[in-house]
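Below you'll find the structures, each written out as structure tokens.
What follows is chain A paired twice: with chain B in the first complex and chain C in the second.
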Partner chain A sequence: MLATEEAVEQMWGVTLDRLYDSEEGRRILSCIQCGTCAGTCPHGEHMQYPPRRIITMLKAGLIEEVFASDSLVMCVNCYACQSKCPRNIRLTEILLPLVKEQTIVRLPQMPPELQKAVENSYRYGNSQGESARKRALWTKTATVPIRILADDPRPVDALWFVESDLAFHPRGQDVARATARVFDALGADFAILGNEERTAGDCGRLSWEPGLSEALIDYTMSILKKYEFRRIVVSDPHAFDAFKYRYPMFGFDETVESTVSYVHRDLEKIRPRLKKRLEYTVTYHDSCCLGRHNKLFEEPRELLLAIPGIRLVEMVHTRENGLCCGGGGGGMWLDTYYKARGIERLSDRRVREALDTGADVLAIACPYEISRFEDAVKVAGAEGRLRVRDIMELLVESFGDA
Partner chain B sequence: MNIVVLMKQVPDLVEELEVDAGGTLLDRAWLRFITSEYDDHALEQALLLKEQHGGTVRVLALDMGEADEMLFTALAKGADSAVKLSGDFATGIDSHSAAGIYRHALEGASFDLILTGVQAIDDLDGPAGAMLATHLGLPYIGVVSGIDVDTANGEAHVRKEYPGGLLAEFTVDLPAVIGIQAAMQPPRYVPISRIRQTMKTASIDETAAQGERIAGAISVERMYKPERAGSATMLEGSADSIAERLLDILTEHGIGR
Partner chain C sequence: MNSNGAIRIGFYICHCGTNIAGVIDVDAVAAYAASLPGVVLSRDYKYMCSDPGQDLIAQDIREQGLNRIVVASCSPLLHERTFRGAVERGGLNPFLVHMVNIREHGSWVHEDGGLATTKAMDLVRAAVRRVVHHIPLERSRVPVHPDVLVVGGGIAGIHAALTLAAAGKKVTLVEREPSIGGHMAQFDKTFPTLDCAACILTPKMTAVKAHPNITLWTYSEVTAVKGSVGNFTVTVKRKPRYIREDLCVGCLECIDACIYKDGKFADEFNLGLSKRKPIYVPFPQAVPAVPVVDPEHCVHLKTGKCKDLCVQICAERNAFDFDQQPEFIDITVGAVILATGFTTFDAKRIPYYGYGVYPNVYTALEAERLVNASGPTGGEIVLPDGRAPASVAIVHCVGSRDADYNRWCSRVCCMYSLKLAHLIQEHTKAEIYNFYIDMRSAGKSMEEFYNRVSEEGVHLIRGRVADIYPETANGKDGHIGRVIVQAEDTLIGRIRKIPVDMVILSVGLQPQDDAEDVRRMFNISCSAGGFFLERHPKLAPVNTFTDGIYLAGACQGPKDIPDAVAQAGAAAAEALALIDAGFVELEPNTAYVMEEECSGCKSCIPLCPYSAISFAEDVLKATINAVLCKGCGTCVASCPSASIRQHLFEDAQIFSEIEGLLTHA
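Up next is the complex of A and B:
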């Protein structure tokens, strides 16, 4: 089921007690209790109340019991339950964040890493807690010119929204530099917000913090108003989701594209540049936001197959069934919380699936996955056997002139 | 149980620190301020005591850095009122001056307890609480990491940690001033929606900072980045030759025989 922006849009500001005022809210009442949601949830076996039972409790007026358990802290917003629901109930988009918000508010203590990430996002505009003035530092080591709009505010075709993980994480910066090279090879007219950029705020909403999301959306909207551009190209699928589904509720109506689609559309322009054969066996991890939520299954694979030499193999869970890396919905900052409850990291599970394919490269298109999977590769003792590479990095490697 | 919490803003170490042209102060042009961590703990401890015993929490802060944000956050967390003491603090303020201002603001006020961070990273000087107590004629105890209040007997039992893994418990008569090292639980999280809501609905009382500077403050003669004092020498070669060379070096320095 493809998400429709309008349906989600209706739901901003809806609270659990006003849930049935809207059509999408009332749809929850049509649940047939089949339990597909619980079965497909990657953390389902660790939830006392998986989505099916939450709906029962909600109807019975016993939702407080659900809040009191920490079931929804386990939700990584991977859209698996929503994509399988035969009644098309918008579990991940609507119901689960509302329940999660109330659950986390009632925890005896906010998980410290999540608290830090949320506070950092509010104060510094990035979950890492880095100085906002260092956001554009990575451009100094880029090998192609990168226009920063504050310095050169002329109208631009593509406003590239880089996001924090690409701007600050050392491996993310590799991807940012590679992406800039690919854009340059496309002959794209692009520019970035530089130090004016702050995180788009998707994970705020989905990890229960609507206030944080609102603050960040207000800010980003005010910055975007300063510049003229034809489209926003977004590297982080979480930010892409934010622009596509959350920002419109605040009056945002710009064209948004993910980096993958943007590059894919002009693939023929860079194909002649893909000269160096990469004799790799590659398996591609579908990120939840790009894949299940936005159905971008073919474009990333076609980009990979455009590289001469690459052999593509699939993991056991793929496309619609892709297994979440565990980073969504605040999961990025809940590893310790999960571990204390004996829950295996989803990234560890996913990397084992990748190793089982015999691939030597795990290709990704979401910046969360670099740190999560590179960690998991070390946990699996597979360093040197499996490398984690963003699609943009592989394209640049095939340019052969780096 | 009426508690006063004194909070202040300190330079945020996330930003690069530079010394200004005068050579005695941080360059404020690029500085960003953040709530002093110890003061955040003092606020948390006050909120915990309020939850336990009822009463009010009143927060006082000097108008520096992001004082408004800090005070609204305190209100959102559960403080009952917030006071901003305005004045010219553009080049910062030493502990003695701060104590003088707080003394003026609190003389004659009614409270059971004054809590503040035991020190702050901008001067690591730490006497503000003690001086304030002295001038208000109250007892002071610092480096505290646990408080139980006995309202019936008007006293507090406080714990502080000593080096070498020793803990001590003290009983202090109320009202008193207490310098907090750590609250009994980490500073709580307050949803950002609540902070934003508080900014729209609550207000901060603003009053001019007055009071005489208490004499005896330290003054900064020179502020500078740590200077490189020497460097490590890496010994290379076989284990035996390294051991021999190491012995020579130790002997040279009078450590080996």
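Up next is the complex of A and C:
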């Protein structure tokens, strides 16, 4: 279930003690204790208090015990529980972030990687800890011209929000360059914020202090105000989600699109460029934000199928029932924490499912997944057998002129 | 009217215990009413609807020469009939009473007693002004046609038809499928007593066929309904089965003779788990035992070129008629019982249960066919690769109790899931795992049945299944691998991942796909979920808001066989009460045309939702059939020359009422 606009409004400012003041919050009272949430949660078996038990504990006035356990550190914000809950309880949207916030505050020690990511985001505007001045560096190696608004502030059709993983991570930069080429092929009028961009701060809300994500949202909104554009096109599904659901609570009302749907809409324009046959068997991993939360299931697949030669196969867990890569909700910085507790990385599980399909390419549309899956492919000893490629990279590969 | 012709209004206000008097100052309202022009008597009483309350009115009319009555109490929906009766017993025309609703529109919805009292006074003033203009009206009576139509030949329709026939009524039973029997015909055993479904159902099916009072039309559908209570004209479409029912004796030799040696096309009755020929009977005990030819696959009907072995073998009876066309027949009936049943939830809609993806995931209805001795496997529970399962998961609540699918509890699934657990364990000795949210075993003998199956060692796991996925890929040799059923066992707080050979999805009950069309055709209403709406959930559970149309069985909501049969009996009784009364009285609140003023523009004719207006060609004026008119007032409001009026809604009445409301005390 997607949040309606009213729901989004209601969600803002809700705290645990004021939960039942809002209609969306009150819905928790309708829980039938069926356990679907716990049963579907990719980390359910490692949580002392999965969503179902959190609800009973909350009703019984024992929520402090839930905070004291680290159960919700395991939540990767994948929306699986919320999407299957037969009572449409807004678990991932409302309840779990609230509980998680309190849980993290009470941890005797913040997991160091997470701590670092928070600090970096405060200091540099990106979790990687890269210099803010280097954010636009990747454009120097792009093969098409990329307009940076600070240098050329003319109005633009599509303001492309690149986000940190594409800007800084070497594999992310490959995707950024590929995306730029696809935009260019579309004949799109686009520009980026360049060094003015900071992370949109979605995972912040879910795993760190809310103050950080508020500061980041304030900052981004103030920068966006400087420029004229018709839409924001977002590559990172987490940032896309933030713009769609979090930012409106702060008065943001711009048109937001994900890169995937932006390109999909004008697919016919680039279809003639897709000349080179790619004889790959491809399996596509649904990112939780793009898929389960925003229902973009067909568009990415149609982009892949537009490439001549590609054969699409599905993993066992797919679409609505996709399996999270484990990177959401701060999971990106919790791998060590999970490992210390003997929890298998979800990316390892997911890559095994991909390998089971016999595919030679694992297609993705979320920058978290590249690094996570490429590492998992190594762990599985499947290097050379399974390659991880963003949809944009595959499109460019099919242009055949690189 | 008394001798000097003056208006003498009696006013009565009801306390309704504390329902009204707890909020509204009834004494004050009574005193106020007494001060209004025309009111000669004003009383309050604890329960106006009680016998003494009614007697009070009748007595006052006689003793005080009252000629108009206003009762301030509850909704006219509940007691207008009561007070009209009281007035009539007092010797007045029953339409000289008017009710004011100060409960549903007053005490129940207002918290401020002072304001509620003022509002009650305003409403009373309006009613007093209105009632002055009431005139005596006569109810007309129309005779009721004694025949009954029953739509749907499941257990509910069968039982209703047999009951009516036993009472000597002529019944037409219309069933869409080639045989009657409905869902029950597909089951092997029935909970809670585990009696064989066929053994208890087929005698009733044959009785339908044999009963001289029942006309059975299978493979038929209602396509149009006209008229109203007592006189419905119903058009029934009889689809061609290409075999004449009057000549066929049901020897079924034609099926053996067909050029197709074996079945080739998905068998609907077995839900595609077996194949049938282009000529078939759905199941051995089908009633009527007359085969059907499927025009999509019959070689004769498709190409005209077939050896026609079937026709040859039937030479003596000569029952074949490949030229048969759909036949439309009009019948007239006084009452209709709808017993169109339910359909099951489409399990494919829940992608994470893998129905239609993994070959060992079945629906409960398919499982019913598998355990049935006359089913596709002769009663063997086997996987598509021929093996018997060593472990079976039964998933409750599929599509039910779910805001994304059907919100309601389907009521029978817990019990039929336990039934299937028992039967499959009995047939295969497999380990059975029932995953349930809440075990619902209300009803006679149900809890005992639950107890029995528990003691048989079925694993009952409290948790809704969250995911079903293969343990390993299916073997190339056709071997079907196990699937893992994953759920939280909420009672131990652990995630269980149980590998099983077979999964059965206990799909819920939902309205038939065409329920909306049927609803519109018979002009009845549906509840939120799409099941047909009863007139009152407790007190009129088989009536609808359309007089003369009754409901029986699962078309009104999920229910088990005992309840479906009980409801069918009740619907038959209601129909009998209507028919045996012989006539229906019509409310006189109908519209009528002032002939001298009608310009004959015909604009009202298409507007009438009940087709009650026709055009009298001789005088070139519109005329309204009072029997068909429901008093909706559409034509009254629309007539450009204001030449249509309506009893009980005359201009003088409405305007005085409005003036009364707007004139402050």
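In this text, the second predicted complex is superposed on the first by the 400 of 402 C-alpha atoms of A that agree within 3 Å, B and C clash if a C-alpha of one lies under 4 Å from a C-alpha of the other, contacts with A are read in each partner's own complex, and residues count from 1 in each chain.
One rule holds in what follows: contacts are C-beta pairs under 8 Å (C-beta built on N, C-alpha and C of every residue); 3 or more make two chains touch, one makes a residue touch a chain.
Model, not experiment: these values are computed from the prediction.
Residue contacts after overlaying the shared chain place A:Pro210 against chain B, while chain C stays out of touching range.
Legend: residue contacts after superposition of the two complexes on their common chain; A:His317 is shown touching chain C, with no touch to chain B.
When the two structures are aligned on the shared chain, A:Arg52 is found in touch with chain C, with no touch to chain B.
In the superposed model, A:Pro86 makes contact with chain C only, not with chain B. Of the two partner chains placed by the overlay, only chain B lies in contact with A:Gln115; chain C stays clear of it.
Looking at the shared chain after the overlay, A:Tyr124 reaches chain B, while chain C stays out of its contact range. Contacts of A:Val105 after superposition: chain B is touched, whereas chain C is not reached. By the touch criterion defined above, A:Arg133 reaches chain B but does not reach chain C.
Of the residues of chain A, not a single one touches chain B in one of the two structures and chain C in the other.
Only residues 105, 109-110, 112, 115, 118-119, 122-124, 129-131, 133, 204, 209-212, 214-215 of chain A touch chain B when the two sit together in their complex. Of all residues in chain A, only 1, 32-40, 44-45, 50, 52-53, 84, 86-88, 316-317, 319-321, 356 touch chain C in the complex they form.
Those residues of chain B that touch chain A in the complex are listed here as 14-16, 30, 34, 185-186, 188-189, 191-197.
Touching chain A in their complex are the following residues of chain C: 351-352, 397, 401-404, 437-438, 462-467, 469-470, 473, 486-490, 493-495.
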